[in-house]
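Submitted below is the structure of interest, expressed as structure tokens.
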Amino acid sequence: MTELNPIQTIRILTTGGTIEKSYCEEEGTLRNRASIIRDGLIASLRLPYTHLELDSVLNKDSLEMDDADRQLIADAVSRTAAKGDPIVVLHGTDTMANTADYCFAKLGTPPVAVVFTGAMKPMGFIDSDARQNVTEALLAARLLQPGFYIAFHNRVFPIPGAHKNRETGTFEAVAGSG
Amino acid sequence: MTELNPIQTIRILTTGGTIEKSYCEEEGTLRNRASIIRDGLIASLRLPYTHLELDSVLNKDSLEMDDADRQLIADAVSRTAAKGDPIVVLHGTDTMANTADYCFAKLGTPPVAVVFTGAMKPMGFIDSDARQNVTEALLAARLLQPGFYIAFHNRVFPIPGAHKNRETGTFEAVAGSG
Amino acid sequence: MTELNPIQTIRILTTGGTIEKSYCEEEGTLRNRASIIRDGLIASLRLPYTHLELDSVLNKDSLEMDDADRQLIADAVSRTAAKGDPIVVLHGTDTMANTADYCFAKLGTPPVAVVFTGAMKPMGFIDSDARQNVTEALLAARLLQPGFYIAFHNRVFPIPGAHKNRETGTFEAVAGSG
Amino acid sequence: MTELNPIQTIRILTTGGTIEKSYCEEEGTLRNRASIIRDGLIASLRLPYTHLELDSVLNKDSLEMDDADRQLIADAVSRTAAKGDPIVVLHGTDTMANTADYCFAKLGTPPVAVVFTGAMKPMGFIDSDARQNVTEALLAARLLQPGFYIAFHNRVFPIPGAHKNRETGTFEAVAGSG
């Protein structure tokens, strides 16, 4: 039965972003601290045939990322993709498409599916979209051919080819190559 | 922009099952009544480029379904698939694979993706797997080629080829053609 | 500071009832099994100056209780009240007033506040009233004079003097002595 | 039955504070905007014999309040208390005791119970203490004699006589008169 029902490893790279902002009661602040996705979200999913490996690359609001940060992420993606398992990258939405485009420009088509996702509302909120988006990204990472993608709000966008629409608070396909 | 970002219709057929069991406070009973997925689950998902059409075929525990019920479901799938949009079928887990196999035996490969899903725990519970499974099924319905599938706990199974493992409380791939 | 801010012990006696019904995924049944309030509800409350002691007397739907069960509960209340700390009794709503009246008839006014509560919907449901009622009962147990009470839906009823209104799904005061 | 089971009016004065901070997805900020307690929290409580009247006095982080703000709150309490119904005041925790003490110093013992509460974590978070504290404050407002109080984390403190312990993130009784 092991061949029919193998455990699939998916590697999650965390970079910060709204999805992982957490609230500090002492300070009264909401911001990126350590990665909280394991206890805060993954523990509530049922993943009997999936093994997740988490690796924290950065803990930044994506508006504060520069190309040095993007290079760090591209390096981590390149290094991790060499292991042969699909990848999910958690990232702030504001510059997610920029980072995904950057990775594609630097790395070309990777040897595995690399799916970026994040959330409009931090995962600790009752009505956060984090759980939906992570659930989608994990499934997309299993189903898709090698390449860069964004999974968000029941859509999957090939990269390049997507951007955030700030007015509607979601991602859209764009013409041309991003 | 309408071509780049079209609204995708997905048609949901509800048949009952654990996922849609609801609690009646007067009776103190948990069972299939009317479909509750719209207010109980779909309302909490963000689906800006997805239009859902719901149609209630049955409201039964799947252990109580017989081949007459399966034929009703196959008829509904056939009629609905003719509209050209992907389909999600909510179904009890105990005989979900049987119904999916039955549909395949009667209808062959359908003209659209038809994705069965359900839940081990009714959607009203805090720790239900309903939201995860429905999120996965809705994405799978968008991504997959025409055919019958089961989406469950971060996996997608082509039909025939899956069954429920009652001991572990999830679905598995099986050898042969189901 | 220990005198100003003592840790208050509250003793919780569990007897079953809708509030503690739990769902078994293998069987697909919702019923009273072991007490689940510690992990299922109390863990989510903030009780920095409260120490809870739990004791499981019964695990029954209150419609199935008879006077032998009521005597067991009265005995447990009597034995526990002798320790001098306020008591919360978790009980099914259908015969909660009967059991509370029975305890009063057998024991008269106890030496501590004894507050019965329960829920219309099991604590595992997203929209259960269990957390509200337990929060109220724990506070009422701290604030009230010795005596029997029911705390439910933002009201506290002295016992005797309350019954369940099955049509409205809540408790009411009744004339006379119950 | 109207005499036995009257509808109790409780008047809620909102002033802002952590409890009512809400997240704006466009700005990515968490702060006091309009009062959100009606839809965000009260709608989830069962209050069959309670009528709530909400009045928004301020929408401020309590660290930003000065004595002019405290006078506004004292005026609102005085005006509202004259209606004869118990009052709950939602307030930031950092200066809640200061405002409560201020009200007592200006107004003396009010003609009704006036119960201050708030939360360490905004009500929109899954693990917020807002629902517990508001549930407690609403019950305390029904049960207590006229006077000023703070209700928090299963305790009720007469005012003056309480302060926030910033290290432990809860309220404590203090010696003397506050």
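Here are a few things to note about the model shown:
Labels A, B, C and D are assigned to the chains in the order they are written; within every chain, residues are numbered from 1.
Please note the rule applied: contacts are C-beta pairs under 8 Å (C-beta built on N, C-alpha and C of every residue); 3 or more make two chains touch, one makes a residue touch a chain.
Per UniProt, the chains are A, B, C, D = L-asparaginase 1.
None of the values given here were measured: they were computed from a predicted structure.
Inter-chain centre distance (chain A to chain C, centres taken as mean C-alpha positions): 46 Å. Computed centre separation for the pair chain B/chain C is 40 angstrom, with centres defined by C-alpha atoms.
Shared contact sites, meaning residues of chain D that touch two or more other chains, fall at 120, 127. Shown here, the protein chains touch around one cycle, each chain meeting exactly two partners. Pairwise, the chains that make contact are A-B, A-D, B-C, C-D.
For chain B in complex with chain A, the touching residues are 1, 4-5, 44-50, 120, 127, 129, 131-132, 135-136, 138-140, 142-144, 151, 153-156, 168, 170, 172-175. Across the interface of their complex, chain D is touched by residues 18, 23, 25-26, 28, 30, 61, 120-122, 124-127, 166, 169 of chain A.
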